[in-house]
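Chain lettering (A, B, C and D) follows the sequence in which the chains are written, and residue indices restart at 1 in each chain.
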Amino acid sequence: MNEPLLEIRSLSAGYGSATVIQGLDLSVRAHESAVIIGPNGHGKTTLLRAIAGLVRASEGEVRFDGVPINGRSPERIAASGVVLVPQGDGLFPEMSVEDNLLMGAFVSSSWRRRRESLERVYSLFPQVKERARQQARTLSGGERRLAALGRALMRTSKILMIDEPSLGLAPIAIDAVYGAIAELKERETTLLLVEENFSHVRGVADSFHLLEMGTIVRTGSYDELVKDEEIASAYLGSAVES
Amino acid sequence: MAIDSERISRRGFLRGLGAAGAGALVAGGLSGGLAGASEQSRSVRSGRVFKSPRGTPIVIGGGVPVTGSFAGTGLEMRRGMQLAVDKLNSEGGVLGRPLKLSILNTETQQPTVMRSVFQKFVSDKVAAVFAPFTTYSSVEYPIVADAKVPTFHVNTYQGNIDWVKQHGVKNIFQGDPSQIWYGPGVATLMENLISSGAWTPIAKTMAIITSNDPYSLSIAKSFEATMKNKGWGTTMFQEFTIPQSDYTAELVSIRKTPPGVIFFSDYTPGDEAAFIKQFRQAPTKSLVYEQYAPSVPQYLTLAGSAANGVLWSTVVGVLEGTPVSKAFEKEFHRTFHATPGHSNAGDQFDLVQIWARAVEQAGDPYDFTAVSAIVKTTIYRGVCGTYSWPDDYLTCYPYPTYTKFPTLGMPHLTYQIQNGKQVLISPEPFNVGKYETPPWLA
Amino acid sequence: MTDLVGILVTTVILGSIYGLVAIGMTLIYGTLRILDMSQGSMVMIGGFVAWGVLVSAGWSPVLAILFAFAATFLLGTATQLVSVQPLMGRRNSIDFEMITFITTFAVAMILTNVALEVFGPEQRNVTPVISGSVDIYNGVNLPYQSIAMAGVAILFMVGLWAFLGMTRWGMAIRAVAQDLDAARLMGVPVSKLYPVTMGLASSLAGIAGVFLGSLYFAYPSAGNLPLLEALIVVVFGGLGSLSGTVYAAYAIGLIQAVTEIFIGTTWDLPILYGVIIVVLIVRPQGLRGKPSEARL
Amino acid sequence: MTERRALFPDMSPTRWSVAGVVLLALCLFPLAESNQYVLTVFVTSMILAVLNISWNFVLGIAGVWNFGQLAIYALGGYGAGILMLHTSLPAALDVIVGGLMAAAISIVMAVPTLRLFGIYTSLLTFAFAEVVQYVIENTSTGLTGGTFGFPSVRGLYGSLSPVVAMHAYYWTVLGIIVISMVGVALLSRSRLGIGLRAIRDAPGFAAARGVSPLRYRMLAFALSGFLAGVAGALYLSFNQSIAPTVMGLTAMSIDVTMLVIGGLGTLFGPIIGTTIVAVVETLLVSYPGIEFTVVGAVLLVIVIFVPGGVVGLASRVRSRLPTWNARPRPGVMGSGSSPPRPAAALGDGVPALHTSDGQER
């Protein structure tokens, strides 16, 4: 039990000859809700993609559930219980919302229970149920995000990673999305979120990791991190004032 | 595996190996069946004893389409040449020396390919070139003309023999009449049918369907021109690209204005079989003439009873029922497990032997001038009838359109399919049957 | 009126053949982003299998279809593994389409010429799956074979549509076509899916070959014409769009039927190419395709 | 010398001397070889090499997947042929005018390709080539000779004896190869070459820098079309005729194989590729039918395992040590591994096939 669910040691990864992440360490315990914050373009998305196997690590190790998973194909990593809601949702645009959800249950263990999972997701996100027959590309941004979350819930996951849940959404949609995330946290889902600032994630996170220049520079609770003036001024969004 | 010992069929090849292993190089030869067990270097046939050929082989070049749209015809040609070579070798070779066939691929007779093939034959110092199909622009002819190597083709094209005449060439022979004889030949046939009262056309019109390759097109055009001169009109002249299996469009037009005669020119048996089948679903009272493809055995299998009544003709074809043609067909079947087509296997079989005879007479295969001069004066009766080269065009001429003497011309053979069989109906005296009114005209 | 019926009948027959050959190409382009030039060879192989089963062995047409399906499925899978899979690492390169265009073309060259070595160049007659014909209207004649072919083609197109729309693996194929990364995040094993997709598409061409074999015969280069026609159809329909391909197949059939009846059969291919040039200039993504994106 | 170095960055003095010796040997070859077949194969292959140099320019350097080049080549041949047959202009002028006609048609073809990319370009140009072939085959005016092939013409050296004419063609084509190689090298160093590569590799960037795709691409098509047309006119001259079969799938597959085997987008690729395929074909000439199987297999192997062709392989072996680490390991699926960007220089062997779209986040 003392070993973390996800443990990353001196990970380096990037695209071609451009290294984006360099010597990064991170660990997430089971049932923990961890958030990575940091400025744009410093490697947050790359980190999640590297964990999911979409980006190949050039150095270092990613251990999940005690097993090294870097080097495995994304589909194998996915089958072992790592779920990523990618930036931009990654919905299949020409498929109906329901087919999108069903694809979430593609892994054979989940496919058997797809009907129950569908009911569960629909009860969780009634807006998604209303749009079930529509093509995914016709949805609004908020609906899309919820559908992507719903799709992630179609599968039994050990860790759920969400890339910038609030990106590009209207405030009212952000509330809906974070409401859903809060509910996931209630259910003790292991979460790894990426956000650009503290504003929305404050309430849902157990720990924060500050990622700058391709590596984690600070780790701690919200209170610990905002004590630092520099961090506070850089990553406290407008939401804090209100 | 060297190409000169080529057997097309795999079985033939394997048998060749087996026979070679037994020490008797007779596989595929006419004597193979009888002499297979012989351990001596002798072959026996019909009571005659032949010495096995010895010494360095005489190589002849065969330029045939191995790939491309004429590859099927090319196969017939190769087999015809091979059969002749095997026959000659089993009879003691040429001047006692074995004969070797070297095959090169002429693809689609593109100028550059033909020139390379001819250059290679010349630089390989072959004793003769057999290139059934050549270019129509004759651009490769100067190569063999300069080298003087005896060359034989059946391109059936007036332009080629015009070139030979113009340049005073003495060694390039066309082993059949030119395409210009098709029109008159068929037209004469039609006139005879009309004048004898065997056939009365519903109109003096023709519908022509032809594939757009030179071979079919030139024949279709020569037919149309000859008929026009005789006062016939054209209701339709339709070109298409092979293969085409659906003739709905053409038949709609034919049924709208039924022509006196339908002339169909193509070389793929499937296309012509498909046409006659579709035509026979709702025939008009038109005589149907199909070009070349019915000569391929497959045509009858494909068309079945729908083909009954169809007329077709060829300026060079294997005669029916003569002793030589019977032996040829039997041996072809034994060697390749297939029936020879009516033209190109037979003409190549003949031409190789014509050349070999000339060599025997000249006494030296490389005395090209002598060999060609002897070929020029040869009158040879082979499986396709009489080959002779009466003038400087170095081409064969048809009987009866050109010469009235059946022993001096190559019979322009017209067949009618009757009860699923090819019946040679013209010209006399080669014919074995008579024209019968096609079922749909009755 | 006769013209009209003729056009209609020709359209349905031609369209169905084109649809069957082209839909596999669309499936492959949509999923793998490659224009599979070996599809014509699959038609040819289907024809030879039909010849072997129907003529040589004298078995039933159903077996011919089954064997052709199996043979071309395996061959299509193998083609993917040999000529595409090793290149998947270069998938993000803009020239990926071109490289695979060339490699599948190389496979087609090899298959054609191996067939030439094995079977020889002559056309082989394939017994029609069904013989006989029916006179529809005033001399417009329709062989049962054509009706069967159109029927089977439509059956397979509907079957493919159902497979892609309703089954787990069918949905996975569409998912991969629309967003590769997301599909992999769902756990779709693309390294298995790709060969299977190409096998499936090839087997459609193979089945088309069984029917075309009895129309056009089986011979080594029998795949060239269907390949060119399929290319025209997929471009017209918009690369990667299944519904577009089906519409385009019948539209091309119609254009061809009209050309044949009113202009002449020599001109149907050039006119089709002319249409394609115009389509590419006016609407590069084709009838139903989405610009720059391949989606099933 | 410095000027030359800039033109051929790969060339060391040793390499220059090797190239010089090879060129000299090639020049003297026909004097030593009297076998007309061997010379025919040489001249035929060298004419193809001219075509391939022209095609490589538009395909490999401009990066436009043009599959209509054979039609341009044929049109050059037919154009020159029609002039030779129906006018009394000097034959050399006919060849040049044939090239110009081909260039004009090439420009026409270039315009619609601007709106397209990738596979659509190839389909459009391929369709164009098919239409050209059908028109040549079916034209009823008798101008082209239809499927019969073009009527026989005298060609450039029709008045010379066959042996002398063979030598004359040999040297003429060799000279044109040398001129066109120097021309391509100069062009790819020029504004045009740099602009074309910019449009190929980074269209947005190029546009922002004021590189007009229309002007550059039309110029590229014009130049490449001219050379292809001259190659076609040489074909016609040498063979005294031309037929529609110089176009079409079979002919195209052989030429593409030559380019890919040699190394697309490299200076010497077309020459080396043409030579290799010609040698293979010539060796297999006595085994008709097998040549295409072999050529197809070689093509497949080269594209998959030797992505830069022979030229790319050679330069990769040479420069393996310094660049090895920068290269991602090949052969693994995964969208993360982006291929290396092509180096800008021509002739350094890095193939255009490796171009990345660089669309990573």
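Here, a residue touches a chain if its C-beta (ideal position, glycine included) is under 8 Å from a C-beta of that chain, and two chains touch if they have at least 3 such contacts.
Note that the structure is a prediction, hence the values are computed from the model and not measured.
Identify the chain pair joined by the greatest number of C-beta pairs in contact.
C-D
Which chain wins if you rank chains by how close their C-alpha centre is to the centre of all protein C-alpha atoms?
C
Among all other chains, pick the one whose mean CA position is farthest from the mean CA position of chain A.
Farthest from chain A by mean C-alpha position: B.
Using mean CA coordinates as chain centres, what's the gap between chain B and chain C in Å?
One centre to the other, that is 37 Å.
Taking each chain's centre as the mean position of its Cα atoms, how many Å separate chain A from chain B?
Result: the chain centres lie 77 Å from each other.
Please tell me the distance, in whole Å, between the geometric centres of chain A and chain D computed from their C-alpha atoms.
Using C-alpha averages as centres, the distance is 51 Å.
Report the inter-chain centroid distance for chain A and chain C in whole angstrom, where each centroid is the mean of the CA atoms.
Taking the average C-alpha coordinate of chain A and of chain C, the gap between them is 42 Å.
At least two other chains touched by the same residue of chain D: list those residues.
Correct list: 138, 289, 292, 332-335, 337-339, 356.
Name the residues of chain A that each touch 2 or more other chains.
Expected reply: 53-54, 73-74.
Would you mind listing the residues of chain C that make contact with two or more other chains?
If we look for residues of chain C contacting two or more partner chains, we find 113, 116, 181, 190-191, 266, 269.
Applying the document's contact rule, which stretches of chain B touch chain D when the two form their complex?
Residue list for chain B touching chain D: 2-3, 66-68, 102-105, 107-112, 115-116, 119-120, 122-124, 135-139, 142-143, 146, 163, 212-214, 217-218, 239.
Name, in rising order, each residue of chain C that touches chain D in their complex.
35, 82-83, 86-95, 97-99, 101-103, 105-110, 112-114, 116-117, 180-181, 190-191, 224, 228, 231-232, 235, 239, 266-267, 269-270, 273-274, 276-277, 280-281, 284, 292
Which residues of chain C touch chain A in the complex?
On the chain C side, the touching residues are 168, 171-172, 174-175, 178-179, 181-191, 295-296.
Flag every residue of chain D that touches chain B in the complex, lowest number first.
Against chain B, the touching part of chain D is residues 35-38, 40-41, 44, 137-138, 145-152, 162, 235, 238-243, 245-246, 250, 285-289, 291-292.
Provide the residue numbers of chain C that touch chain B in the complex, in ascending order.
Answer in residue numbers: 2-3, 6, 9-10, 13-14, 113, 116, 120-123, 125, 133, 135, 138-141, 143, 146, 215-217, 219-221, 225, 257, 260-261, 264-266, 269.
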